[in-house]
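Since the structure comes first, as structure tokens, the remarks are kept for the end.
A, B, C and D are the chain letters, set down in written order, and residue numbers restart from 1 in every chain.
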Amino acid sequence: MSQDLLTLFWVMPAVGGLCALLGRQARWPALAFSAATALYGLILLGPASSGAWHSAPVSSPSWAFGIRYLLDCDGLSLSLCWLTAFLTVACVIASWNKDYPPAYWAAFLFLESALLGVFLARDLFLFFVFWEAVLIPMFFIIGLWGMEGRRHAAMKFFLFTFFGSIFLLLGSIALVTRHHAATGVWTWDMAALKGPGGLAGLAIFAAMALGFAVKIPLVPLHTWLPDAHTEAPAAGSVMLAGVLLKMGVYGFLRILWPVFPKLSWELMPWLMLLAGVNVIYGALCAMAQKDLKRLIAYSSVAHLGFCLMGVLSRTPEGLLGGSLQLLNHGITTGALFLMVGFLYERGHRRGLGDYGELYGRAPWLTFFFGVATMSSVGLPGLNGFVGEFMSLIGVARVMPRFVFVGVIGVTLAAAYALPAFQSVFLGPAGKASVSAKVTDLDRRESSLLWALCGAMFAIGIYPAPLLRVLEPFLLGLVPAR
Amino acid sequence: MSALIWAVSGLLFFLGLAAVVLRRQLLAVFLGMELMVVAAALALGHEATRAAAGAEGFVAVLLVLAVAAAEAVVGLTLVLRVHWSGRPAEADSLRELRG
Amino acid sequence: MISLASVLGLWGPAAVLAGGSLAVLAIGLGASDEHRPPAWLMRATAAAAVLLALALGAVSPEAARPPLLRGDLLGSSLQAVFLAAGLPFLFMMDPADEVPPALALGSLIGMAIIAVSGSLLALFIGLELMSVPAYLLVARSRSPRALEAAVKYFFAGGAAAALFLMGMAVHFSAAGSLDLAAAPGRVGEAGLALMVAAALFKLGAVPLHFWLPDVYEASDPELAGFFSTGVKAAAVLLLARLTGISQGPILAVLPWAAALTILFGAAVALRQTRLQRLLAYSSISHAGFMLLAVAAWAGQGRPLSAAGAVFFYAAAYLFMSAGAFLWLKVTGLSERSELKGLARSRPADAAVLGVLLLALAGIPPTAGFVAKFLVFWEGFKAGIYAPLVLAGLGAFLSLGYYLGMVRDMYFDEPEGEAAAAPEAGMTRRCLVSAFAVLALLLGVMPWLVDSLRAGGSR
Amino acid sequence: MIEIPLAVYLLFLAPLAALAVGFFVTRPLKPEWTHIPILASCVVVTCSAASLAGMVYEGRGLDGTLFYWMVAGDWSVPFGVRIDGVGVSVLSMVSLVGALIHVYAAGYMKGEPGFARFFLVFHLFYLSMIGLLVSNNYVQFYLFWELVGVCSYFLIGYWMHKETARRAAMQAFLTLRVADFGLMLAVLVILGLYRNTRFAALYAVAGALPAGLLALLGVLFVWAAAGKSALFPLYFWLPDAMEGPTPVSALMHAATMVTAGIFLLVRSWPFISLVPGLPEFIAVVGAATAIFAALLAASQTDLKRILAYSTVSHLGLMAFGLGLRHVGAGVFHLVTHGFFKAVLFLCAGILAHAAHKSTVTVSEVGGLWRKMPLTFVCFTAAALSLAGFPFTAGFYSKDAILDAAFAHGGWAVAAGLAIAAGSAFYIFRMLFLTFFGSRADQQTMEHPHEAPPVMAVPVAFLALGAIGVGWLGHGLMRMLLSGWPPSVPPPGLTEPSHAVSAAALMAAALGAGAAYWTTMRLPSWDWDWRRERPALAALFAEDLGWRRVPAACVSSAVWFADKVGRVLDHDSWDAAIEGSAGACRRVSEAGGRLATGSISDSLWWVMTGAAALLAWAGYR
């Protein structure tokens, strides 16, 4: 019974997508199904927190080679599913009065169903199928309804991730064959698989980590991110930054840590170095950007660097902080991209110098953007701070000298986010500025942003309940040192 | 004795090969091909006498010659069609399909 | 004693096909020039013969030992594949006279013989019987350069046949018999090398592939579809038979040849402008994957469970490649630039080709992905790691043009007026979309492999 | 669990309620009434602060947890309250001065377009300052520390249309952010090693901390305090922060926010005092800042900028007192400074309000003591207190510091006296230029009028405080003892010997005389030296060249970011990846050319392939 409940969870948006495709007026079924999925997600809280899913009887027959249709849902997966579901509802509402064809709404619902699949799958093969299935809708969202350079950005996005996932596939197969060689059992269950030691283990770990690193993105492999974010439609960037970037870190948490407990601990310093480079490099690139969306894209590179740092430290604070920061970044950057989308709807421009003195014409937009910027800068009292601070505590407990890099990243965050906020919203309106065309948010848009800002404040002021939801799986990853 | 036969067969095979690869006219290439088949048939026939498995070798030679004949029919018609189409039956005249 | 079942199982398909071809010729001869028999009649009889052969093929023969013939599961399953490949070819053929169906049946007979052959001689005869009708079929294609392609195909095929013969002779001298049994010593291996070269030629492996693009480009789309699926499946079977009699040195080269084929095929296909030539090079790349599957299968000591990968790739490729070629025939497009903006002018066609291309690229949840996954899976079990990584990179390169075509269709504006869609019959469109749906479904319901594995381990 | 008195909850709940009511109710409906719930909450906060002060005076300190903020398995960060001597003494000053400035602001900001926005952020600042003073662990301290920084950004940049205000706000925020780097790193290092940052727990284990760690923590705390309390390296944001409205300058940049840095040093005193040489370093930095700022204050023409530099100077003085290990004197001066500096700022505000400008320069005012008597009286009282004349609050607290300087001897004495003289000089120069004899080339204000009561009454109260607070010295010292960490010598307040008082008075009188001589006797001296030596004037305008250093830092950071962002990331690395696609195209075309289309070539390839296979079979 329990597996079918989870199957219903990820199938619901797919069915919605089909309805949207067939119906003439696509946006109403899209809203109905995405809202239903979000509400359904809340119902799963009860069993998820009590870990009821994991003991689910293995009802599904095993296909060849031990591959099985296995779903499970614990705190970490559930919170990421919530993030996906609520951001999808936000995207549907945000692009409500724009005349998109039915395929647009269907693409978002298919994307949501594939993402839910990724977070619920516990079979490595099933995980991989969902992992790749996410690419197709996103490719079409960027490619069909994006900005001017969408063709190139969509191709670059797909090719980058596909390149990574080839190595993920090869690594998974090698892992399963090695596991069979060691234990004589064909299984693809993430919880049961144990990676080999020695050089083979290192090769498998490196291959799978490369697959995930492309998605995080770790710096050398990140050049698809700014293009994809800049060229995607507003709602597309929300989903891209809000959820797709989380799949990489989720992959580390869900697969690499349990399967390679000892090896991942030995490799921690090197990965931490990469995460540190991510933070500093992302912040510096963000400071150099002239386009608002590219700036937020590079800030995502920096924020994901923090998440990875926390997750790498394998301490209770670090793990929980990193995972919480995944959610926080989804909410904060989702809100930022929504607002840039609203701004683009009005002024059709994304440059930093194209606006100015918006506080008079659009006070509510300025207020919400200010709150989101402060949250992204990591102002305590908002959600950004809790996640980043706990991640850095994890780092401090494991590599005290390295926390210096993290704090420099936090300081640099202010150096790129605030000048951008000021030049767009408070600064002088140059002669080429289009601020005249900017009107304030309407009821639909501000209600959306009220929800997101409410979440930012709630998590910032009282994060304990959400941290308790995340705890069950993550505390198991703390190695007994 | 068998070494001599194999030498002759090898020589014939190599000559046919050279013709196939080096010559320009299609007919010459065709002859080279037939030469290679004949060389193989010779070797087969010789080995058939030595082998203990009965008539398998001889049957093989017969069938090979039959198949070579069928091939020749098809090959020559194609070469003639090229000739009739006004192009010299040269390897170089047939270069439109490239890349 | 040879039981009736085994004779039926082994000889049945070839005999029925021969009968069918004679019937077709008879109808053609019988009718005089004024009142020609209806065009579809010939193709219907041919199709009936193929269906009957398929049915007989399903009767799985035990390992009977009549001379020249020996059947096994891989043989009968690949036989089903190339017979199935014949059907769409016959169905989509332009209704001319009785000669093309007869030739097609002739070629199928050759393949059937390879499927059940137990000796090298039978293999040679099957190979030749498969190839010669093919030369004529190419010559009869409508393209202006059909003759040139046919000539190239003939001479290359003839040379390969000569090589095979010489290899057979050398092997015969070492082994003493023409049976498909391992020959002792280095001489036998040398003979085998020549024969494997001929098989690789037929498959289109890289150094020996130069004939393939010209032939596929000049022949009619449905014929090219038949070549890329039927003939290639038979070539795989031929190679599988040959690996049986090798001590090992040849087996070591196969994975590297496969990797080279995949990479070269994908690389060259990137910049092709004519669609049929692009699909030709992509079929070379897929041939590389099939070669890799055979290498992995042979590398593990030819267990039947590993044969699933070879079979499934051939089966999945049948739908994808035949679907793609038949799509060209139905829509009448030939240049890659004509694809630009197709999603707006002809959305249904664009969707069908989109699904086929995603399957060819091997993106989940399509059959192409499951096929590639199985190849990787068997490859890892066989321990050929480096070629697998190269194969993965080849798959990545192939994404360049498969996804490129999808991008052209969906993201670009149509240039110039849309080519007038030929009045292809609705039935043909349904056939092509059926292929696309199958390409999708096979990916989602991999029970097919399960059933084979269960069958194979018996 | 310690029973937490209601007063503590009120400290937080009252402002929160006022903010909620203000934001959701009065702002949309009646923006001009926003200040009413906020003033009410100020009163409640001041009363509860007073009750807590009484509680602590009787020796009943408190350190408890309200709720758990961050939680991870067994580890957690509490959100708690620590009511001890240090906290409450500064809290009572801040709450009282803050409340009065709120009242003043109600009058000063009436009619401003962003009235509601101003009061909401102003009160949020008030709440975060209070939270900072009562928090019981470093993480919560850091929370309010950052919140105060952000509120200062929005308040300094209140008049967004002015370019200078925006630049000042940004400069303030980024400088504070660079300073907070130190505090965050220190807190993380503590958490990394001890997983617990409660003051009580850390004080208990202070002695056992390794020397290296203590040194690092000490330096980081000093770096953070230097930023927030505008000590030498990072002081330049404070004078520019005068772009904000006067109540902001009064509350933030005189009485409360800038003292947060000193408060951090006092809170972390058990660690700093154990680091050999660090207190002396603080003393030197404090003294240098004080003298440097006093010199600059004397050269300014804008009233508020003079007071800004005077604040920098007095913060230096407090640090100087702390550095000389007289924590009591430092805290005492912090409290008294809060009062008299607030009065000075508010009077400057009244002058600006009368001139209907955001700020007034010395040349625009003169001879106002007859037209604005109340302002003159309050200003003079505060000026006397600042200069340290007997019976004023400043006298007691400044002399305590001078006493510490004399006890330390050597350079400290000279520095102490120089500071006393300097501060007397610039404050009396401002007094004479503003209120006495108008200069020949001065443009006097058209019709200066007395401030409305809503502004005058709070100034009067504060002026009384500026005088009377000095007498509470001993009561303050008793309060400081409660909750003082045992490992550190208690903060006593020694009675300054008559010799010290006399010397201080002498220095102050000297300063005042010099001010009188330069402003009244040589009326145009203040303007002449600027015209004759423009280079020197420019040098002073650039804080003796120190302003170029932060400007250089910012431009080099932007240059480096551009190098990394544009050149390294976009032009070279991204181009390389795009280039690889081009390379694939070239390989593909080469492969295509390989197929020449001639039969003999394809046959040649067939034969070579077969030969290769043959060789491979032969070779193995």
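Note that in this section a contact is a pair of C-beta atoms (placed from the backbone, for glycine too) under 8 Å apart; a residue touches a chain by one contact, two chains touch by 3 or more.
No experiment lies behind these values; they were computed from the predicted model shown.
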Query = Under the touch criterion given at the top, what is the topological distance in steps from chain A to chain B?
reply = 2
Query = Is the C-beta contact count larger for B-C or for B-D?
reply = B-C
Query = Distance-wise, how many Å sit between the C-alpha centres of chain B and chain C, to the nearest whole number?
reply = 26
Task = Could you give the separation in Å between the centres of chain B and chain D, each centre being the mean of its C-alpha atoms?
result = 97
Key: Whole-Å gap between the CA centroids of chain C and chain D   = 79
Task = List the centre-to-centre spacing of chain A and chain D in whole Å, with centres computed as mean CA coordinates.
result = 37
Note = The positions of chain D in contact with two or more other chains are 592, 595, 597, 599, 603, 607
For chain B, residues contacting two or more additional chains = 20, 26, 29, 94, 96-97, 99
Request  = Specify, in ascending order, the residues of chain C that touch 2 or more different other chains.
outcome  = 151-152, 155, 159, 163, 213-214, 272, 400
Key: Full enumeration of touching chain pairs   = A-C, A-D, B-C, B-D, C-D
Query = How about chain C: which of its residues touch chain B in the complex?
reply = 119, 121, 124-125, 128, 132, 135-136, 139, 145, 147-152, 154-155, 158-159, 161-163, 165-166, 168-170, 172-173, 176-178, 213-214, 217-218, 272, 277
Task = State the interface residues of chain D toward chain A in the complex, per the touch definition above.
result = 67-75, 139, 142-144, 146-147, 150, 153, 157, 160-161, 163, 166, 170, 173-174, 177-178, 180-181, 184-185, 188-189, 191-193, 195, 557-558, 560-562, 564-566, 569, 573-574, 577
Remark   = Within their complex, chain D touches chain B through residues 592-593, 595-600, 603-604, 607
Message = Under the definition above, what is the set of chain A residues touching chain D in their complex?
response = 220, 223, 281, 284-289, 298, 316-317, 319-321, 357, 359, 374, 379-381, 385-386, 389-390, 392-393, 395-397, 400, 403-404, 406-408, 410-411, 414-416, 418-419, 422, 426-428, 462-464, 467-468, 471, 475, 478
Note = Given the complex, residues on chain C that touch chain D span 151-152, 155-156, 159-160, 163, 186, 189-190, 192-194, 196-198, 200-201, 205, 207-208, 210-211, 213-214, 248-250, 252-253, 264, 267-272, 397, 400
